[in-house]
Structures are given as C-alpha cells and as structure tokens.
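Each of the next two complexes has chain A plus one other chain: chain B in the first, chain C in the second.
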Partner chain A sequence: MRVSMLYDMQACLRCYACSVQCGIENRARLSRDGRGTPERVLENQRPELRFIFPVFHYLGNYPGRAVSYVHHCMHCENAPCARRCPAAAIEVKPYGPVVIHEERCIGCRACVEACPFNVPRFAPRMGKTYKCFMCYDRLEAGLPPACVEACPARALYFGTREEVLEEGRRRVSRYEKRLGETFTLYGAEKVSEATGYLHWVTVGPAAILEDYTLRPDAAQKPIEALDAVRTIGWVLFGASAAGVIGHFLYSLGKRVEE
Partner chain B sequence: MREIQAFNRFQRSMHLHYIHFMVIFFLTGLPQVAPHHFRWLLYFFWVPFAWFSPETTYLSGGMKVAMVLHRLAAVGLLIYAPLFALRELKNMGRWQIWPEGGPGAGIAELIKHYLSFQPGRFGKYNFGQKCLAWLTIVATGIMIVSGCILMFKDAFSPSAWRWARFFHDVGFFVFLVILPIHIYMALHPLNRKGFRAMFETGTLPEDYVKTHHPLWWEKIKSRGGGSMS
Partner chain C sequence: METKLSRRKFLKLSGIAAFSPFVRLGDSLRLSEKAPEPVDYGVERRVPLRCRMCAQQCPAIGVVKGGRLIKMEANPHLPYAGICGRSRSAPAAVYNPDRLKYPLLRVGKRGEGKFKRISWEEALDRIAAVLKKYREKGEPERVVYLPRFTSAAGLDKPFWHLYGTPNVLSYADTCHSAGHDWGLGVYFGHPTTPGAFWMDYPHARFGVIAMRNPGGGLCVYQFGTLFAEGRRNGVRLVAVDVRFPNEAVEGAGRKWLPIRPGTDTAFHLALAHEIVKKKGYDEEFLRRETNACMLIDPETLEPYEPEITEKVDPKTGKKKKHVRYQVWDEARKRAVFKDAARRPALRGEFRLGGRRLITAFEAICRALEEYTPEWAEKITTIPAEEIRRVAEELIRHKPRTFVDTGWYSERYANVLRQFHALGLVNTLLGVWEKKGGIGGIPKVKLHGPLPKVPKPKALQITKYYQQKFYPFLVPKAGRRFVFEALRTGKPYEPRVLFAMGQNFIGGSAGSPEIIKLLDKVELIVCMTPFMDESCLYADIILPDTLFPERDEVLHFKFKQSMPTVAMHMKAVEPPFEARPGSWVILELARRVLKPEEFEKYFGDFARGGWELAWRKQLQGLAEKHPGLSLERLKKEGVWYGRQSYRIKRKTWTGEIEIFSLILLDRWKKLKAQGHPHADHAHPLPLWMPPFWWQEAKGRLREDEFILCTGFSPLNSFTGGQTRDNPLLLEIWNQIGVDRVWIHPEKARRLGISDGDLVEVFPAHNPGLKARARVWVTPLVHPEVLFTYYGVAPGIFPQLKRYLAFLPEHGVNINHFSKFHFAPLEGGHATQDVIIKVRRA
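Our next item is the complex of A and B:
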C-alpha cells in the first residue's frame, strides 16, 4: 500500500510549525539512536536536519513580488537521486518514501546534481547530504510524519495515496468553485519522465505554480541525458570490441591461409 | 642498420604514465559510471580500507576510496599533462598528426594494411592513428576541464556540475570506444616495430620506415635529418 503527503498552498498559514517540528524530530532521533543526550542534541542547531523549510524570494523587477514557498522532498516515483547515487545510499521504499541512509552516504553530491527540485542539502561539516525521508520510521510505527502532526491548519495531510489524491481533488474543486480560479494537484500525475508521479502532491493555483518551483516538466536535462550517452557509449564499445575480435579472427585465418 | 628516432624519451614516458593513469581512472571510474555492473570492483578498494574503518560497507568505504584514488590519479595527470602539452605545442609545426590526403585515401590505405597485410602509403601515423590522436587530445581536454569542476565543486554552481558530469561521461565513453582498438592495433604483429619503438628503443629501422611510412620518409629526406616527432 502506497502512502503520500499533500501540501495545500492555499490553506498554509506560513507559520512554519512544520519546519520547527521537523528540526526537533530529527535531532530527537539522534538522541534515540544514542548519538547524544536529549539536551545536547537539541542544543546543537544542525540546520541540515530541517528537511522542510521556507524559502523567500522576489519575482519581477525591484521591489518585485515576495514569494515564500516550502522547500521539501517530493518523493518522486522514479527518484532521480536514488538512480544516480553511486553508493546506493538512497532507497525507494516500496510504499513510496525516498529515504537517504546517512551512514551509507559518501557526500559525493550526485543526488544534488540529479534532483529536479534542488532538494538534497550537503553539510560540509558532516561530509554528508541530507533530505526528507518522510519520517519512514514513524510511518512504520503507525504514526504520521512529524510535520503533518505539527500543522495547525491541516495544510499538510498524510494518508494512503488514494486517500491523499481524493482529498487533494476535493480541495481543488472547492477552491475553484469559491475563488473562480484554476487549481492544480501537482504531482498526482506523472510530472516528467525523470520524476514520474510524486508522493508529495501540492494543491495550488495553476497560474503561479511555477513561481513556487513546481515546474511542469521538472528534470535536470544534462543528468537525464546521461542515460542516452551511456546507452550509445556501451553500444559503440560493443561495436569496437566486436571489430577487434573480428579482425583478430580474420588475422588468424589469413595466417593459416598463408 | 640505421635507426630513425620515432619517439623521444619524454613522449615515451608520457605515454607510459598515461597508461598508468588510465588503468587507475578506469578501475576507479567504472563503479561510478556503471555502479550496477561494476560495484564488485569496490571490494578490492574496501578490503584494505576496512581494516582502518570497520564500520563502513564495501559500497560506502569502497566508493570513497575509489573516488580518492580517482582524484589522486587526476592530480598526477594534471601535473604531467601540461608539461607534455607545453613541450609538444613548442613543436606544433613538426606534428605528424595533421591530415595528409583525404579521409577516403586514408581509409583505403588502412584497408590495404590491415586487410591485405601489405604496407600502406602512410605518413608517420596512419589515418586511424591520427583520428585516435585528435580524439585523445579533445577527450583529455574535456576530461580535465569537467574533472576539475567535479573535483572542486564548491567553486562552481550545481548547474556547472551537471554539465561537467555530462561531458565527463561523454569523454569516458570516447576513451572506452577508442582504447580497445588502440591497444589491439598496438599489440598486433603487423605493428610490432611500432610497439618496440614506443616501449623499448624509441626508434624504427630505416628500411621499415621507407617501406611502411613512405610519406614520413620523404619528409625526413627533405629535412635531411633522422629524427622527427
């Protein structure tokens, strides 16, 4: 059974309780895993352990339009980060979440290169890369992700994929009826070949989704082109090896003939 | 019999070290470019490393060691390649890898040499060797520039890393395709004299040059010397 998250841009209060809770939860995990006392781990800031956080930027000419969006992992179906990780440190759980295992990460930043949403963050002090893993340990214990639990406006919603999509579509139709504007459930369908559909879907006004980095064809083109380069490369290598073997056999035959 | 210098000591040394670098680049690069097929190579890097860092796995520890070795080899190449390039650029006018006749004629001579086993009308290098030389020069340049970006990631934007990764892969596959041909041709009995010149003496017998490299021999005669790079 697949699970998903929903983020509702319209309902979000921008209180960022999700971000605060995420940071606390992840530092508390360190204590749980015997990597420090509760006081000690919470005292340590570790900004890389806040996997969901606000990003502010301005659009257009000065002073521009202020936009703040919530930056987080989209948990792509095809997870380009997992496909490119040379150390197999990123695992796509069968029920959806894309999990980066800190102890296996070698800090090569191949995932940073591959991510179409620029999500993974490299922490130079730790020499490792971090990103949201949808609190998979909590999910496996029957709890919702920490950020969902913290949201006072139910702008974050968690459930099975079917439940989440149904809730998302319900919200889209309600907003469209009330506000007379087209809304989208970003990630419900395949976003691009690179990502597939997303396990973190977003409800938002269709006209401004791109201002919030939710691009319709999200992919890192040079990285996705690597697959084609590698296929062509291996075929040409095969042709070159076949040529070499062919000429070797030809040379042997010619020598016998002589 | 008179011998004609084909390669000087520096060229032979560069070629030999280029082989050493290539072996390290390939052994440490293959698990990165095709991890699913070449992860087993990481065991060899990881086993000695695990003695110092037993908490690692062959994937994390082995890959880390492979990357460090890859970069050390890159530093070696970065020291060697500019010295070689500067020296060769000084003698650019005497390079023997410029075109001599069209590609059609070049291919016809190659067929004569490699399929009929008769001496072709070559310069110092045949058409295939010239193509290989230019591909090596271009691919080495691509690998050095893209490799520097990937090695010093903090100095560049993620967008630059992505293009560098793309071109590093392209350069790798250029080498993967041309090197088996180059190695095979070098080891083929037809080219035994050339192999000896590159790895042992640096010279070719004058008679061999006259019969197998007539275009080069004409140049040597017109210059009145016995050594051309």
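Our next item is the complex of A and C:
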C-alpha cells in the first residue's frame, strides 16, 4: 500500500497554518529527542524546520496577479535526491515518503542540486540539509501528517494513493463544472523520467500551473544527464568486462583445444 | 609520499569521478529505518479551551505533555471546526521570554518606560486605595475600564457596575462600530454587529467581497471553514479591495477589482443603479418582506398617514414604536394599509386628494438614477463595464449570492453611507435569510456567573456624546470618547484608566494626541501578558496570563450559523507571577467593596470557584437545549444547536426597512438642529466622500497616499501574543508581513526601489515619522500604501526593548491618524488621512 498527499491550490486560503504547525511539530520533535526543553526550542529561529512554507510574489503589470502558495517536498516516486545522496541519508519508504535522516546527512547538498522542485533547504548553521519526511513517525503511528491536521480549509488531504487520487479527481471535476476552466491533478501520472509520479499531488488551474513551479517534465536536466552518463559508464564497463571475460574463456577453450 | 592535491587537480579528479562508474552514489540504497515515536505519545491531557490569539475564541484543544502546552488542535466535536496559524503558534506565545513576569510600578516619567518590580499585594493595595477614594467621594464614574482579551470575563463588568462606574467601554469604535452596525442595522431596526450575519458561502454561486477579506482576516470557527467550503464548492468571487487579497481571490473563477480608498459607497450605489435599471431586483421579496411599497411624500419623505402606536414590552418595560403604513393597492386603485392590500404597487407616482405620493421604492430608484457605472468609475477607478459585469452576475445568481456584509468598517468618515449602500444591494437582490445568501446568527443565552448586579446611575461618557452629537454611536463601544472627555471636560474628566488587555494608544486613531491628554489622569493600570504602547504610559502594569493558563466563563457569542456554547479550562500553570484577571477582580472586590456587598455578589464565587459559576450559567437550560450540560462541556468542550437563517428584526414596521424610518426620524431631527453632517443619516441612497477626499478635493498629489491596512492570517491586532511571536516572525520574514506595498509607477516617480527603507509620515504632522521597507508591487492601487495591520513598532521604536520578536521596521496607521471621529457614528476613521513617503 502506498500513501499520498494532496494540495488543492484552489481551496488553499494562504493562512499558512500548515507551516506554523510544521514548525511546532518539529520543535516538539527536538524536545522529544532531548535537544532542548519544550520552552527553549520555541524561541530559536529555525526556518529550515518548517518543511512546508509560504512563497509570495506577483506576475504582470497593474492590476497584477498574486502568486502565493505553500512550497513543499513532492515525494517523487523516483526520488532524484535519494539517488544522488552519497551518504545514504535519504531513504525511500516502501509506502511512498522520501525521508531524509538528519544524523546521516553530511551537508554536501547533492540533493539540493538534484531536486527538480527546489525543495531541500541547507542550513549553514547546522551544516545539514532539511526537507519534509511526511511525518513518517506520525504515519507509522496511525496519525495524519501535521500540516494536514492543521489545514482549516481542507486544502491538504492525506490518504492511500487511491483515496487521494479519487479525491483529487473529484475536486478537479467539480471545479471544472462550476468554473468552466480546465484543472490538472499534477503528479497523478509520471511527471518526468527523473521524478516518476509524485506522492504529493496538486489540484490547480491548468492555465497557471507553471507559475507555481509545477512544470511539465520537471527535472534537473544536467544532473540527470550526469546520471545517464554514469549509467552508460556502467553499461560500457559491463560490456567490456564481459568481453574480456568472454575472450579469456574463449582463449582458455582454444588452449584446451590445442 | 607527499603529494599536495591542488584545488584544480581535485576538481579535475572529481570531475572524472562524477562520470566514473566506480564512484558509487546512494542510488541503490535500502534502509527502512524504524520511525521514532511521534510526539503525541505521552500526552497527558487534551484540554478544551477557546483560542485568544485574536479576539474570536475559536473552540480548540490544548495538548499538554510534561506539564507544557506542546500544541493546539481544533475542537473535533464541531461541524465547522478549525483553528488558524495564529492559534497554532500559541505555544510560542506562552513560552515567550518577553512575557511580563511581575507587577511593575512606574519609576520614570510616563512614556519613558522605566519600571520597578513590586509585589501583588502592593500593586493591588495601591489600585484599591485610588478606587476607594473615588467611590467615597461619590465619583466612581471617573474610573474607566477598558476590556479586551479580558481574562476576567463575566466578573469584571459586574464588579465595575457594583463599584459604581458605567464606563465599561469596548474598542469596537476602532473596528465595526458603528458604520457597519448602524449602516446595515437600519434595515433591521437595531445595530447589527458582525456577529449578526453569516454568509452562506457553501451554497452561494457568486459573491462580492468588499469590506472583509475572509482569508486574511481569518476567523476559522466564525466563518473560515464556511468560506473554505464555499471555495471547495466552486463559488465565484470578486474582491473589491485596495490590494490584491491573495488569501481570498487567488485562483480560477476569482477576480480582484482595485478600488480607490474610501470610495466603496460609489461602487455599491452603482451596483444598485444597475440592478434597478435591469429590473434585476427580487420583486416578490421587496413586496412581502420590506417596506418598499410604503407611500411617502416625495418632498418631505414622510409616510402617508401612517398609524403609529407605542406598546410597552411587558418583559423589559421599554416602549416600542409600531408603524402601520399605507400602500397603493393596484387591484382597487386606492391607498390602503398594507395588511389590507391585495396587490401593493412597488413603483409609481399617485395622486391622492390633490397630493402627489410615491412609493418608497420609487424614491429609492429616483435617487439612484444619477449613480451610473460611468459616474462610479470616475470616483472608484473601477471600469464601468466591470461594475456592470458584477451587477449582472449578482442578478443572475440571486438569491444564491451576496455582497459580503464585512467587518472592520471604521476606516473612513463615510462608512455609515457605505454600509447603507451595501445593505441596499443585498435587499434589492432579496438575499437576506436565503440559502446561499445571508443568514442571521442564532444564539443561546446563558446566565451570568454572578448574581445580577444593579446598573450604575451615573451618566456613561459615551451616552453623553450619543445624545449630543453622535446619534448612531453605540455607547458600550466608544473608548475614544474617554479621551474626548479628557479634551473637552464633558460630561466629566475621567481620572482612572484600567485597561484589561486594551492597547488604547496603539489601537486608536490619533495615538499622539491621546498621549498628551493622559496628563489629566491620576492612575493608569494596564493588565496584559506583553508590553505594548499603552503600557509605556501606565503607572502600574499587571502581568496577565495567556489563555491556556486559566479557567474562564462559558462563552456563547459565536458568529457561527449555529448556536454554540464553549468551555474554557486551564491547561498549564502561569509563569512567574502572572495571574488571571478573574483573580485580580476578586482581590479588588475584596479590597474595595463593602463586606456585605462582597458577600452578596462574590461570596459564592470566592468559595465555589468556576465549577459553581459554570453550573449557575447553565441553570435550567438543558430542558430547552437538549445536551447542554456541564459534563458534556467538560468532556467535549462544546455544544451546538441547529443552523438557522433567521435575522432578528426590530424595525418600527416589523419588516426589513429598505426605506428606514429610523434614518428618516434622525435625519429630520439633525436637519432641524442644523447639524453639518445631517445628510450622513439620509434615508435614501446618497454618495458622501471620505475626509481625505474633501481635503484633497478628490485628487492626491504625487507623494501623497492613503495608508490602508488589512489583516494577515498570521497576525491579529497589536497584542504581543501575535506581534511578538518567534514562530510567527519566522514566517512573516518569508512573506514580508512588515513591508509597505507601493505601486511601481508611483515608486518610480518618487525614486523608490524595491526593498528600500522609506520614511512614512502624515501630511498634517510631518514630525511623526516611522521607517518601513517597501515592496514595489502591482498588487496595490496607485493611491495606496498598503501594510498588514498592527505588526510594527511604528513611532514607538522603544517597544523593541521589550518585544524582541517585533519586526524592526513598519508603520501603524493609528499612530499617524488624527484624533477625529466619523460623523454621526463616532468611529475612528483611522485611514482617512493623507500620508506621505520619502526615501530614508
């Protein structure tokens, strides 16, 4: 069974309750892990500990159009960050979430480079990189992710992959019917070779989706090319090794023949 | 072997390594680590309480672990449950090191901000001595109590009434009173607060958002979850605002119409004009539910030969006027009383015994004739065709549509007219009490926690001003008249100010003038959990608890579509010497009241505590409201009843008065008195400009702006629980909450670039300066400087000494505004001044 998240851009109130709750939950985790008293952890500015956070800018001339949303990890099926991590600090859970383990992170930022959605945040003070791990401690205890619990607009939704896709499609068709515009369920299908499908899908108007960083075929092309070259390297190495061994066996056979 | 690896060589090598199949990255990793235990394990208690990060008291649950509040959750037992981000940041407010810890006594001059720690004994004795003095002198009314976020609800008002002062005054004159309350209230015959109406967002098809941004000024249980459901159901929205309200109208099927500040009246009048012109009004509704058919004299506007009776309500003993009026019966071609008419005429002019008569609706239609969309375009800058389009949508979708009745009205001098015009649009469309339209809010009334206290005899300061100059002032909501009394000496000068959570300086227009008037006050007490502008001028500061640190009275005044009662129980211990207001009031009562008075009113509470008070509040209510019991409230935290659409009517005709007889009556009296602002009470639709418009003759100069504010969903007012909150500050920094928005073209002409630090000051007093960062953005009207409300130190940079998480820069419009009052209704019209900007 796989789980998934849904972000409904059309329903989101931009109240950022999700971001506050993420900050609260992660601070409570710090005190759970003996890394500060419950009071002290609340005083420190640790923006990297809010794995879902607001982005706010604009487009166009007056009267302009606001572009605001919550930015978060997409939990890609193929997790380019995990593929690039040299320290084996990023784990892809069998049920979907892409989890970064802080204690193993060496702060090399390979994941930052690899991410097509600009998600992992490197915190210089800690020398480590942070990103959403879909509250996997809560999930495995049967609780929804903190941000989903916090959303007063039900713009965030959590469930099994099937439930989430069904809810997403239901919302898409309702919006399309009422508003007469095309909507997309971004991430339901494969976005690119690099990402595969996403475990965090987004409902939004198709016409403006790209303004919200939700590009078709999202991938860090140069990084992926690097990976492709490496794969080719393996293939070439394999082929030449096979050739060498084949030739050796062949020559061995020949020698026996002789 | 010693080889030094040069940087160049390293890069070369690593470049090769990156392409090399022999350097393994983590792509074939299998970890599957066991997840740690969630923080929810080991939670001791989930305590039902009501959030007080803003003033709206959304029912919530405080999660307590290890004796600490670790998080807040929405109360799950409500159909429209929810809390916002401010509420969720409550733990960061509770454990904020900036909290006031001990009672403080002023040692420097007022405003200097020098205090010393004193004991509670000393603080209470000092306050009690002054209170006793004024009571013994027979002048208890000279003491003024200013509650907000009060931690003594249910006890404080009875105490002060018993003490003898009627001056318990709220801050609503700096919010919705009385432009909103009377502007809409005249249709229903009584002042209607924002707690009177709910928009049926879930069932609406189209809505105009004009005087409230339900996403920015988010109150979740009150209307936030309803609004969110409407948006999920695909309601189309148009926002008329000075800035792009991204919280409300970003996305498909939504639109922003930028409007010139203070000109909303013209927009609403043009909508009404179009609705009448297109005959888009609900005829049936106007005939049946309103007094649109009332026959009036076209010159005097007086109703034609009405039957006026006065009845005494046996319950309250108050006199109530009843008006039976005549209409033109089209069936019989003559004037008859409406209840006898077969087919009352809605429009038309009739001759009766040599007199010309018209229907009230005819008079309204004639008055609207000049307010064309083209006329409105010149005033509002909204294109005429956009106004027409909005009117068409409203007509097409009625009654499943509305113009949002709004909330914070007291921004300009003409808001009484504005809300009157807004009410007219909704009345024409017939959306009141309709599914998908606007409903009335039902309430269950609880008993008080104390025995009923006699009302004090002295004249309330605000009542004096209501009788003299401001007939639409709501007396309990007029705190700025305390300072007007200090200025004029009428009806008397207050001598003691006890502010329970009110920031009467930072939150009132004309802060600097108010400060000057304080010299005449003998004692100023501020009780609050955090320092604010008012505390700087206090003689004694009392450290209040934050809401999770105290028990409280049961609350029933929710602005939800269903009657709700909610519990509030203490979740954690207060820090240091912080004490709840209920304890302070009890201690003052002990010291100030006569022993027999104390025993009679406070004795039971002093012995039985909140448990007893709660039981008293609910006495006998379970029969009428099944399930409303203390046991349930303690367990689940809430009780709610059935959703309702009915709006309470107290008009003289008993109908929704599209032609208000109260306005007619007041207008005539004011005219007779020669009141300069009499026309603000005109019973027919009428455009009145704001103060700034009159001052600037409708045209602002290049460097002149109107400074407008809007609520951020992550800030509420000038209270430290949100504006000095480490967690919220972190997010504010990401969205630039403290910035001042400025239009790109205006910025270019003033030589201001994005991110610049500017000096902002009022044109009428250039010496008052505050610094702010600018955001150059096309999301704001060219004549407007926009900033979120109440986030910044403004002209009081010394506040940073006490509030470490307050943004360094930013402006507060109240500091810049004038100590003026909106005509007839007394609101603080805080944005209605001209503001200038220059590079710092």
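Throughout what follows, the second predicted complex is superposed on the first by the 225 of 258 C-alpha atoms of A that agree within 3 Å, B and C clash if a C-alpha of one lies under 4 Å from a C-alpha of the other, contacts with A are read in each partner's own complex, and residues count from 1 in each chain.
The rule we apply is simple: a contact is a pair of C-beta atoms (placed from the backbone, for glycine too) under 8 Å apart; a residue touches a chain by one contact, two chains touch by 3 or more.
The model shown is predicted, which means the values in this text are computed figures rather than measured ones.
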* To do: For A:K254, select first, second, both or neither according to whether it touches chain B, chain C, the two together, or no partner.
  => first
* Regarding the shared-chain residue A:N118, is it in contact with chain B (first), chain C (second), both, or neither? -> first
* Would you sort A:C108 into first (chain B), second (chain C), both or neither based on which partner it touches? => first
* Given the superposition on chain A, which partner contacts more residues in chain A: chain B or chain C? -> C
* Touching partner for A:K177 - first (chain B), second (chain C), both, neither -> second
* To do: State whether A:P222 touches chain B only (first), chain C only (second), both chains, or neither.
  => first
* Asked: Counting only touches as set out at the top, which of chain B and chain C does A:H72 meet: first, second, both, neither?
  -> neither
* Touching A:D33 in the superposition: chain B (first), chain C (second), both, neither? -> second
* Asked: Is A:V244 contacted by the first partner chain B, the second partner chain C, both or neither?
  -> first
* Asked: Looking at the overlay, does A:Q21 come into contact with chain B only (first), chain C only (second), both, or neither?
  -> second
* Residues on chain A lying within both footprints (that of chain B and that of chain C) -> 86-89, 110, 226, 229-230, 233-234, 236-237
* **Touching residues (chain side chain A, partner chain B) in the complex** => 86-89, 103-106, 108-110, 112-113, 118, 124, 220, 222-223, 225-226, 229-230, 232-234, 236-237, 239-241, 243-244, 247-248, 250-251, 254
* To do: Using the touch definition up top, name the residues of chain C that touch chain A in the complex.
  => 18-21, 25-27, 29, 31-33, 35-41, 65-66, 68, 70-71, 73-74, 82-89, 91-92, 95-97, 215, 218, 220, 224-225, 227-228, 231-236, 244, 246-248, 250-253, 256-258, 713-714, 726-731, 733-736, 743-745, 777-779, 782
* Asked: Which positions of chain B touch chain A when the two form their complex?
  -> 31-35, 39, 55, 57, 59-60, 63-64, 67, 114-115, 117, 153-154, 158, 161-163, 165-166, 169-170, 172-173, 176-178, 180-181, 184, 188-189
* **Residues on chain A engaged by chain C in the complex (per definition of touch)** => 8-11, 13-21, 23-25, 28-29, 31-33, 38-39, 42-47, 50, 53-56, 58, 60-68, 82-91, 93-94, 99, 101, 110, 135-141, 143, 149-150, 152-155, 171, 174-175, 177-179, 181, 183, 204-205, 207-208, 226-227, 229-230, 233-234, 236-237
